[in-house]
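What follows is chain A paired twice: with chain B in the first complex and chain C in the second.
Then we have the complex of A and B:
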């Protein structure tokens, strides 16, 4: 039971139980659980780095019945990102919540959410994915409504219902796949789908149900309607978790299903639809972010746009034959997802500080923020540059490879989408910064509240400096996964 | 017995479609929650029909496990949705009184 694969899921679960049982100690127990979980994630990364893809079947049961866990390069990179971001959010949350009731409600839900995230990234069969998906959805909606004000409750009630519809649709897809192939294990299912082209109709119907349900949770345009109010009205640490991690988990699942399971039955036409919607998401989301009046709403619309970029990779991956070019595309996709995770978490945490400090987050009235909160403004600028895709951020390399792949496969029109999206992104980021640098006296000190500012700054810094200048290991991590797993034509 | 299996599974699909339609069309929260539960019940019907393996063999436990988990999830999610709905209603009544 000391396998890091198990610990990544078990530690936050145990933590959630402890903070529920001992609410008086919730902050201390919560931060210890957060540290332990992040440690397990680092250990997992080290193990995958050395040994390649890890498999684990729990409890000594038959593979068909037991809980199967699996960590390959793709999953591990996302787990590491999610857990580092999670640690940052936890540290920030210790200073953010003051009301005792909020503190006691936040920690159990947040640790449950964390366990569900890790479980989702590491699950090896469709059943556990379903359980984790539901746990994630319920914990996320409850956390989002934590402020208890009317807008937050209304937005997160809608989020809960939409999420439930998404998972029911996913479950029907799982039922169809089980009828056709008699297994829920991802590896076995991949082989059986590839070996049974005559079951195309069932496979395609299952894929449509599952991907549509997950696209609803990943907020792919035009199914994004629930996201901006839900994310903008949640408490800052929760907004950061929802935007940076929860939405990405749904996208990860789509990618996993697409590349691992349904690769044999997806053609160019199937990949074009989500990519076209993604392109509209990039343009529409960025435009709405530019027009947003509030800082957190801006960040939420920017998430809609950033998720859109990830879907643009699908037709490029379809058109590129296996080889170094396709590996580059996959690594670029991962790099963009991970960079956005760090950048958006940093942005939301910083936006939360601005809101607490100024008492509002209306962008037009942010004058002087740079002088009052220099470190926070710097964090917004850094994560903003990662959202735009300026060098040396990780998304610069991601977008560069995306455009390269688009030209190499003759799909030049995506380049227009990416450049327009980046232009709009620079407009909305600089709009915030131009207001923040209003004319006021020089700053008294750079850091005003270390516990809250350091996590935001660190996450933003990782998205720009670490991921941009040292993204090489990501390729190695993915390379290990390609060598280690023999299943399917996918990752 | 195969026809019974098809009838049961087919009824499940019809329930799924009806619930989905009701969820999308009707505005009141309670109707949406009931519609979601019907959609879920439709999927459970399909899963129970799949589990049938003839009169001699015992039913397949895997779909049954899926249904059990699904029921637990549906109950807790319904409770949370009702709770949030009640909170919303309180807030609205307070606004009206002001």
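Then we have the complex of A and C:
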């Protein structure tokens, strides 16, 4: 099987087995697997770019029973983001762990997590999605506890239990749907839900269970309580993966269900609830980030806020009729998710460097460290400006379109949420950056540790320069440009 | 997207300082020569490119760089008469300031960081000048904030950190307001391109209420950088920055960006006729007049030389807004020409203030007795700048005030003359005592902190010549005001186009 759809999942899985079987070679095998997987993701993107949505049925049975894989624009964009970020994290990780035991446990778990992540993005049926979700949760919790200290183990045990609770809630919803409609395939199920309005109660109950379970995993306020300790106490490359990718996967699933499955039954009221919670998440997460004493805790709370922004799109998507304006919103949503992925990974990797270099990550005492590591400080500054949504970052374009949609649909209150959130974000980012301008001595070199600083800086740069100045391909990938070019394209 | 010369030039002008800036960050701290070469190559290349562009615009060529960010969102850089005015000002003054900054920071630390952000700052400014639509303007406006923050914080002292924080709080909030206004306007009209004569004239009268509200939001956003009272609080606080940065903030980049934005919004977005109909010009005029008087009064009470100059900027920049708020081409000329004139005069004054501080350790007006005899060339330059600010002919400032007054009379707003007269008296009130002390008071026994440079002049060459050159500019801009390509003639050309004459 050489289909890139399969390779994206199979390669990291094979890699995980190899590093388990040959632990002495784990770093080398791990980095080769990472490169191969990222290559497969690029190939997948190229294929989707040329051919449009890809489908694959594994096992030769018909769609109701077999494992179905599907790559549309939304999934592909997230796969590409996740795999490039994953590659950056892998390169960074080669130099991060020094203890042999940690090295040997990191690589198998990390590659397993990677496989689950790709599987989740590409899965085409609900049960498959459940398996991947479970696998992802277990691998993530195990990785998070890798430092082995009490706080980390406690936080990640909680993370594991919360994850299981979320999965169970999701599985209940799946069971309801299967009983009612007799299929798990996303495409078939969508048709049957649309064709059976009399089953509204069952569908709505299933939706509530599934979305609630996933919202727990996506750390939507007030279900975010588990995230800050788990993300802040994990080793830096793991924090990056958890915050940038794993949370995003849960959100992706909500979006997928919302747009593909439940669109006939999602009204304004249903969309308002998650959006309101998202708005509180933006404000509360940013506020807690501002009050955080440690750099990694700040980054973790910032994730809570950034996930909140994504939920603000739901009522706007509901209120906007299909057409270029809705396409813009969808692309903006994807752009914000992708930008946050790159930016937060860059931020956590840089924060990890600060922590190893200074021996701590207390923001108020970071004075000299910021000067000793100019490239790291730059990575924090760049990814920080993407978190705030300053131009030319991708999230600037995202927020522009978000506010535009909010004003156009008359939901102007989201503009207040977005601006307040941005102000709070500037406050917490510049609270860190102001430490870089002390009276401490001048650095001698820009780059001090290439293997760690280059990935952090590259990821941050992608979030700022590439996504902000050339986000057009996302529209193409979503297959929207054809619809958008006629009427609303403008200049 | 065509990649011919005319489509590349505006982008190249932005890149000519952006790329050297990026490389400067990577330069080792001790590589003084390499950094200087990068700085000067960037500055001179930009000057040459701008020269080519002026020549082309004069021949009637259209320069436009377009980059599609996303469907419906396009980055547009183009050269109309107004952008040429601002781009030329910042490019010429940047070259001078770079020379000055190299001399000024000779022995300080973190120079690569400083000059890196310095270049980014100018790239953002020319980006603002060349912006062809509101989206592009907002993008560069925000980048300017980010690029200047490290410059204000550069010294690293607690006061510098505090000043930078205040600067950031003001400008980022302003930037957000501008963003909200821009997005709101876009939902009404689609892409907001800058068009001579305005682009909102055709909009239905039902939307006029919203347009007024949008103007208020945009003005609040732009007014922060333009230091309109009561949004001026950051400007005196950011005086902790090194002298070249103050020059940049006050004359070339930040306050100018705000004032330029106001000009753009009034003339090329709303159109001066619509703005006048909606009563927006009156609001702007009142705010500007209040700022002019209030800034001057505060300037009189300051003993710190740089603080006094800062409040003087608060006052003087609002002349640009005042000229914009008066309906009629003559006032427009007065406001636009002051964009250039205030720049060259204020930069001269700040260079001189920096020279006094670096050479003699003099930072307060009360310490300036006899500086004219110790540093005659610097003080001569300072005198030219100060007299120009007061509006003494034949220095540049006189031309601005003349046209503003004439424009006020033409528009039937005779109160403008009162504002101008009051302001002139106040200007004289805070500048003439300095000149008196500098030239006529006896020298003190010793200076607070005197440096001796190994030179036969009063101070280091890189510090001395920039203010002398800009002082000569001030004289030339006044003396040769009606020569072709003078700021005044160019402002006339813009005014004619804006009013469709």
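The rule is short, and it goes like this: the second predicted complex is superposed on the first by the 479 of 491 C-alpha atoms of A that agree within 3 Å, B and C clash if a C-alpha of one lies under 4 Å from a C-alpha of the other, contacts with A are read in each partner's own complex, and residues count from 1 in each chain.
Just so it is clear, a residue touches a chain if its C-beta (ideal position, glycine included) is under 8 Å from a C-beta of that chain, and two chains touch if they have at least 3 such contacts.
As the structure is a computational prediction, the values presented were derived from the model and not from experiment.
Aligning the two structures on chain A places chain B and chain C next to each other without any clash. Residue contacts after overlaying the shared chain place A:410 against neither chain B nor chain C. In the superposed three-chain arrangement, the CA centre of chain A forms the vertex of an angle with the CA centres of chain B and chain C, and that angle is 150 degrees when rounded to a multiple of 10.
After superposition on the shared chain, chain A has more residues touched by C, the comparison being chain B against chain C. In the superposed model, A:323 makes contact with neither chain B nor chain C. Once chain A of one complex is fitted onto chain A of the other, the partner contacts of A:134 are limited to chain B, with no touch recorded for chain C. In the superposition on chain A, contact is made by A:374 with chain C only, not with chain B. In the superposition on chain A, no contact is made by A:267 with either chain B or chain C. Of the two partner chains, chain B is the only one that A:150 touches; chain C does not reach it. No C-alpha atom of chain B lies closer than 41 Å to any C-alpha atom of chain C in the overlay.
Comparing which residues of chain A touch chain B with which touch chain C, the overlap is empty.
Of all residues in chain A, only 64-65, 127, 130-131, 134, 137-138, 141-142, 145, 148-150, 153-154, 156-157, 160-161, 164-165, 167-168, 171-172, 174-175, 178-179, 184 touch chain B in the complex they form.
Residues 16, 20, 23, 29, 32-33, 36, 39-40, 42-43, 46-47, 50, 61-63, 65-66, 69-70, 73, 76-77, 80-81, 84-85, 87-88, 91-92, 95 of chain B are the ones touching chain A in the complex.
Here chain C touches chain A in the complex through residues 25-26, 28-29, 66-76, 109-110, 112-113, 133, 135, 138-140, 142-143, 146, 149-150, 153-154, 156-157, 160-161, 164-165, 168, 172-173, 176, 179-180, 183-184, 186-187, 190-191, 193, going by the rule given at the top.
Interface of chain A with chain C (complex): residues 324, 327-328, 331, 335, 374, 378, 385, 390-392, 396-397, 400, 403-404, 407-408, 415, 419, 422-423, 426, 430, 434, 436-446, 468-472, 474-475, 480-481, 484-485, 488-491.
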